[in-house]
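Note sheet for the following structure.
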Amino acid sequence: MAGFEVNEIVAALREAREEWRDAQKRSREPGSREFPSREALAAIVESLKGALFPMRLGPPELRHESEDFYVGHTLDSALQSLLIQARLELRYSARHQPRDAAEIDAEAQEAVRAFAAALPGIRRLLDGDVLAAYQGDPAARSVDEVLLCYPGILAMIHHRLAHRLYGLGLPLLARIVAELAHGQTGIDIHPGAQIDAGFFIDHGTGVVIGETTVIGKRVRLYQAVTLGAKRFPTDPDGKLQKGLPRHPMVEDDVVIYAGATILGRVRLGKGAVIGGNTWITEDVPAGANITQASLQKAGCD
Amino acid sequence: MAGFEVNEIVAALREAREEWRDAQKRSREPGSREFPSREALAAIVESLKGALFPMRLGPPELRHESEDFYVGHTLDSALQSLLIQARLELRYSARHQPRDAAEIDAEAQEAVRAFAAALPGIRRLLDGDVLAAYQGDPAARSVDEVLLCYPGILAMIHHRLAHRLYGLGLPLLARIVAELAHGQTGIDIHPGAQIDAGFFIDHGTGVVIGETTVIGKRVRLYQAVTLGAKRFPTDPDGKLQKGLPRHPMVEDDVVIYAGATILGRVRLGKGAVIGGNTWITEDVPAGANITQASLQKAGCD
Amino acid sequence: MAGFEVNEIVAALREAREEWRDAQKRSREPGSREFPSREALAAIVESLKGALFPMRLGPPELRHESEDFYVGHTLDSALQSLLIQARLELRYSARHQPRDAAEIDAEAQEAVRAFAAALPGIRRLLDGDVLAAYQGDPAARSVDEVLLCYPGILAMIHHRLAHRLYGLGLPLLARIVAELAHGQTGIDIHPGAQIDAGFFIDHGTGVVIGETTVIGKRVRLYQAVTLGAKRFPTDPDGKLQKGLPRHPMVEDDVVIYAGATILGRVRLGKGAVIGGNTWITEDVPAGANITQASLQKAGCD
Amino acid sequence: MAGFEVNEIVAALREAREEWRDAQKRSREPGSREFPSREALAAIVESLKGALFPMRLGPPELRHESEDFYVGHTLDSALQSLLIQARLELRYSARHQPRDAAEIDAEAQEAVRAFAAALPGIRRLLDGDVLAAYQGDPAARSVDEVLLCYPGILAMIHHRLAHRLYGLGLPLLARIVAELAHGQTGIDIHPGAQIDAGFFIDHGTGVVIGETTVIGKRVRLYQAVTLGAKRFPTDPDGKLQKGLPRHPMVEDDVVIYAGATILGRVRLGKGAVIGGNTWITEDVPAGANITQASLQKAGCD
Amino acid sequence: MAGFEVNEIVAALREAREEWRDAQKRSREPGSREFPSREALAAIVESLKGALFPMRLGPPELRHESEDFYVGHTLDSALQSLLIQARLELRYSARHQPRDAAEIDAEAQEAVRAFAAALPGIRRLLDGDVLAAYQGDPAARSVDEVLLCYPGILAMIHHRLAHRLYGLGLPLLARIVAELAHGQTGIDIHPGAQIDAGFFIDHGTGVVIGETTVIGKRVRLYQAVTLGAKRFPTDPDGKLQKGLPRHPMVEDDVVIYAGATILGRVRLGKGAVIGGNTWITEDVPAGANITQASLQKAGCD
Amino acid sequence: MAGFEVNEIVAALREAREEWRDAQKRSREPGSREFPSREALAAIVESLKGALFPMRLGPPELRHESEDFYVGHTLDSALQSLLIQARLELRYSARHQPRDAAEIDAEAQEAVRAFAAALPGIRRLLDGDVLAAYQGDPAARSVDEVLLCYPGILAMIHHRLAHRLYGLGLPLLARIVAELAHGQTGIDIHPGAQIDAGFFIDHGTGVVIGETTVIGKRVRLYQAVTLGAKRFPTDPDGKLQKGLPRHPMVEDDVVIYAGATILGRVRLGKGAVIGGNTWITEDVPAGANITQASLQKAGCD
């Protein structure tokens, strides 16, 4: 059997890597990779889910009497793994500006400590999301079914954890946590999005919620809803300006039906109902009921 | 290294759990979890897929001469696992009304027996779905490619199993089986939906088919089609009424192109063709050919 | 405990299989399965990802000094696994026309050799895709984040590998590689699609790109964009004609926003901007800016 | 490829099973296996080792501050697994005499409760064994090395757990725990053997300690020492009498060198030193120093 | 961090390999390994154990009603794996004398077929071994305990399988099967040894039974017994002569106590009892009772 | 179901741990475990075995052409894991004498570098051991069978690696490597033992070779041979003196048959043959032929 000329391909691949590294102005000094790990974060999120909902998402044989042992042990080891990942992110983001390793470590430690302290509040928010889903879906039979089966809940568990990491200066870890849910549910929520209590996404595939979105209480969304940016603001040199508010603000009690697209820093007023497949790029008053028909009527006039 | 105050967070998480359990009026007597397991059902479905299609979805080394040994062993152990899960669902759903354990067990046993007896019929239906996909997609090269690669077929294997479980009084198991496919394919078919022979979903991501949908023979769907409810009927007290017919009825030989949204208990007549991105909330006559353009013309008039 | 009548169900399932095999005119001679394996291809793609991007997608402990050892070993073993799968596909596709085994093996060997030789070029194309994503998304913080987190990049790694396999006469392997990405990202790119350099898909869930699509340089797509076929050409006997050009041609620098549907062998001219949720079935001139509003205006007139 | 006549061999194996079951007067009613599992007990012992020595045999990332969470969670789940195994043993041993299931379960519950209560005492005994090994072996560098590397210590961890199970009426579980250590160390200690504090076995391969052996404090043994039975007492019908004392009694501070064989209910007096490769079937006075030479001298006279 | 000069060590290791290959006159043409795999044989033996004793060594959930499905499926797949290994051995052993591949394959096929046909007889022999152990050990509580816990039984399961492979011209597979048991039990039985029905080894660690040993019915052995060769016969050139009878012949009903060493082609007559730690290099008459004392007396005279 | 009073047992276990830590004067400051890991070393040895014998102990699909890639990658990652373990040992052994972390790391780095440089020499020594086994055992069919099946070779691979670690100041890692082989083979060689080229242990179970043993070229040993210490030298205070020469010196070409026990700093002269089950505590002249009989004769006179 003739071979595959592996030697030559190895050499050609090395050349391609070097081109890229030169173009990216990467050093090629010896050293190992320093980047957070998707697998590690997947394991951490699994543990945190167990610590948040021990009798539902923890190990099957868990008993009420021993919940706290399980929660304490699982939490402790998840937080330590998270600390390692937090250090990797902070070191990575400091790769261009030499910083003191001890300072970075202290920052990572403090971020993980604050994250841990936020967990009970996150559990309460998630309880509210579960209730909202149960009350909003005629097919739901129990809150347990909602917690265990609904992709919208899975996405919100990930989001509420990711959003906290994002707020604590760990946007890369946050992003990985968000993408883990995106891959499993087709729901793409940027960790920067601010989402208040009692949020429910039904079906969910194709939902996109952008970085600077602000969502109020008791909001309900269906599949394929986009809360996106209209256009990207650029600075005078034509470079993208990062971080500016550019996504919608959705007030309390809004409902947005499947396939609606809301773009730009527009405001959907309290209690508005946005019909399916609509295309919204302007403010909607509180209590309004927008449909394709109403929009076309306006458009045709 | 300073710690994470794990003790305090464990206590705060316990408090959050107790609030929830009080609010949900949950007892806190000792006892273990009683809820069906997603992992167990994933393993059961894998086994059933092998038992249904031994030479394609069974183990790679299987030989024709030994198919029946494999099918018998795999089926037997899958059905026993399913029996355990069925008991868990029935006990869970009886948690508010004390019932005799032996009665529940007999019910579970009978449900699994009837499910097993339905498997040959399910195999025949799936053969028809595979043929429909092969004949309907110009890119398909063989029926084996369709069976092994098409997400629409994966979704239908799960659905035809889930629908049977749903019909046998195991809606939670059915739901988990459906969500397993939803997570892998982005196709969200409620296990209650009735789907007749020769059904084909192409591409599939974003398809949503609701609980009381009824679909005839030889129907074809593309990605992002919604067969949904228009609004949720409420009783005089404003509470959602569960289980009422509220999704479309799709007659034989209908084709629905990508992104179409059909809402409410409307009827799509035999052989109708529904164009992409259309929004339908009324009956469509047999043989009609609906497009965005035809709708807008009607709407603008 | 009463049993499940496994014997009877095994017999009934056998009968169902025999019906199918008779209908499909399958021989029932002894012999083992001969079909490529999804699991094997998943492992091969994982290895190739490591060989292409050793310091980012290879093992965490890898050091710059030893990259080539890792690349060489990983590549060699991935290519050998691929050779086995290539033989399986070629034997399967030759199942109706008896061919010489040695000839098939030589063909498989040659295809894998050519595939291997294409890898450095694929790495360079992917570097360009990563850069395009980084420059096109205001939320992106680094090229490494893009490579490791963006589902659009994952889909393109799979596509660029799958497209090469497709071009080398291994369409089934190509299809499996594509479906692996489809399942993880909701992005469905047919391996036949020709996509030039600097391509970027943002969010991505629900994107569908058909078999004969041709895409130029620096094109950008958002979620739920369809580049599909308008209708399937049939021959005089009404049978589908396979392989004819039937999907869009997208020229350099085109941007297509979320939910746009482009159907048929239409041409989107250089630099055109296609608005969200639009429905396009005709050519679009270079530099045009198409929106729902502009289309409706045209449609209402 | 011709097959293997699997059908015929399956039939012949069935026949062989039926012969055995008839000869053993086994019922052939439907029902499942009821026998404790080696794999389950291996996992239980691993957990108990971690609960006994959390910072040495527990998970590597464990911190002092969180030891109790780990110990509590691990213990709780190990005890529940043990309870299941205890029930299996008690049901199995009651297979010929119908007993009430609830009674058996209560007995299993009580045995596991008592076993759990014995664990702190077992930890103290094992600490003493570790110290004895450290002080008795000039090659030992630290107590941690002894705990982690010495097969004699591994054997004693298993034995002290197994002996407690044996005393609580679970001889089969005890036997499995003992055989797990035997397989790893070549040290075969019957769970019935009574071994007091500060016991040390060096090297260990080939050591055999019989069921009714009694060993005092601070005893030291080397490899290939046998403490066995001289002959098996039979009853008037020639059937073996089970359970009678038939193995040696070894008093405090005895040392027994490699390859010595001590058989029967003999007493080795306090502080006796038994030389290597000796063959002892009679009592040895306290403080005696027995060697091959001394024995042969006696024998030759 | 300085590196490890991996390049230089890789080069030096290559040089060492080349020296060896030159010394061994190995070709260095491209090609892959062709040697049976220890892991594959371990899996095959596990499967065969399940097929031989389905309700005890098969999967825990197995039911009487479905035994044959399990046995048939497990056997079929184990035999196919064995066929692959058998081919590897036969090709390896033919590496110096070019043989026809088809001929080798037919030989492998025939050997595996004959092996399969021998399994029911092996089951019956093992049933006899289990009974012998149960009757011979006062500590044994049930035949199931013997089957599941006794290392001597594990060794005999492996031996009776290995001996059949040895007899069918697959000495290398046989050797690997034997060494798997040796590693787990410390009992080293050469696969060539002929052992008749009702054989029992108690404790077992350190037992060695050589290639040309012949053992009759109802023989019992204790730990550390050696049935070995006295000296190796050499041909006139001083080279070892392989395969000549050089180990003991042990007649029916012999008992050999721990540590006895029997060397050379001697005969232990029917019913002889060989005491512990004895050293025998001459024939022992039927019914004799040999002890260290009796030997020394003879020796001193 | 009543619980197990886990809280109380957790408290009692904590108390037991604290007693021990107080007795051992252990600090109880927060901090994590710092002790080398048996699992890590098992993985390292597996990798090193592959790097030393790539075509026999490496991955099955390896090809001659790609050996060096495999060797380089495997070696690099094994050495990095080893470096981590080496640091753990050096930090642990420095726990009572505060040392500079950087100094310890440099020491670990240097030790691993020297270990790596020794590997080609170790490969050559092992080749010699394999040849010695092949030539010394009439049952051996090929050098490959010896390398893959003989427990004595497995023990020597571990020993030659462990001895090098021992010589480089890593006695704990060395010990773990040795115990891994002891557990699998029943052969217990202290890593300190000096063993020259062409060494062969047949069968092996029960062999013990002590720390200060010195063994010449072409020595052959059988099962259950002990090369041990006669008594442990103590200092004037009665404490064991560690590290003094106390085990036998075995010159070139000595053969020691099964069960022989050689104790103390005695010398077995070149070419001596030591019979089975002998007990030697004095020097043996070169060329002597010692048997039980010859010893007893001497003893009886």
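By written order: A, B, C, D, E and F. Residues from 1 in each chain.
Just so we're on the same page, a contact is a pair of C-beta atoms (placed from the backbone, for glycine too) under 8 Å apart; a residue touches a chain by one contact, two chains touch by 3 or more.
Here is each chain with its UniProt name: A, B, C, D, E, F = serine O-acetyltransferase.
These figures come from a predicted structure and were not determined experimentally.
Peer 1: Could you tell me which chains are in contact with subunit A (serine O-acetyltransferase) and with subunit E (serine O-acetyltransferase) alike?
Peer 2: Of all the chains present, those in contact with both subunit A (serine O-acetyltransferase) and subunit E (serine O-acetyltransferase) are B, C, D, F.
Peer 1: Farthest from subunit E (serine O-acetyltransferase) in C-alpha centre terms, which chain would that be?
Peer 2: It is A whose centre lies farthest from that of subunit E (serine O-acetyltransferase).
Peer 1: If more than half of the interface residue numbers appear on both sides, call it same; otherwise different. Which is it for subunit A (serine O-acetyltransferase) and subunit D (serine O-acetyltransferase)?
Peer 2: Same: when the shared numbers are divided by all numbers used, the fraction is over half.
Peer 1: If every chain is reduced to the average of its C-alpha atoms, which one ends up farthest from subunit D (serine O-acetyltransferase)?
Peer 2: C
Peer 1: Can you check how far apart subunit B (serine O-acetyltransferase) and subunit D (serine O-acetyltransferase) are, centre to centre, with Cα atoms defining each centre and the answer in Å?
Peer 2: 52
Peer 1: Centroid from C-alpha atoms only, then distance subunit A (serine O-acetyltransferase) to subunit B (serine O-acetyltransferase), rounded to Å. What do you get?
Peer 2: 26
Peer 1: Among the residues of subunit D (serine O-acetyltransferase), which ones contact at least 2 other chains?
Peer 2: In subunit D (serine O-acetyltransferase), the residues touching two or more other chains are 1-3, 6, 10, 30-31, 61-63, 65-66, 68-69, 71-72, 76, 186, 205-206, 224, 259, 277, 296, 300.
Peer 1: Spell out the residues on subunit D (serine O-acetyltransferase) that touch subunit B (serine O-acetyltransferase) in their complex, using ranges where they run on.
Peer 2: 3, 6, 10, 63, 65-66, 69
Peer 1: Help me check something: in the complex, which residues belonging to subunit E (serine O-acetyltransferase) touch subunit F (serine O-acetyltransferase)?
Peer 2: It is residues 1-2, 4-7, 9-10, 12-17, 19-20, 24, 28-33, 35, 37-38, 92-93, 171-172, 175-176, 179, 182-183, 186, 188, 190, 192, 205-206, 208, 211, 224, 226, 228-229, 232, 240-243, 246, 259, 261, 263, 277, 279, 296, 299-300 of subunit E (serine O-acetyltransferase) that touch subunit F (serine O-acetyltransferase).
Peer 1: What part of subunit F (serine O-acetyltransferase) is in contact with subunit C (serine O-acetyltransferase) in the complex they form?
Peer 2: Interface residues on the subunit F (serine O-acetyltransferase) side: 59, 61-63, 65-66, 68-74, 76-77, 80-81.
Peer 1: Which bits of subunit D (serine O-acetyltransferase) are touching subunit F (serine O-acetyltransferase) when the two form their complex?
Peer 2: Contact set of subunit D (serine O-acetyltransferase) toward subunit F (serine O-acetyltransferase): 51-52, 54-56, 60-65, 67-68, 71-72, 75-76, 79, 109, 112-113, 116-117, 119-120, 123-124, 127, 135, 138-139, 141-145, 148-151, 184-186, 203, 205-206, 222-224, 258-259, 276-277, 292-293, 296, 300.
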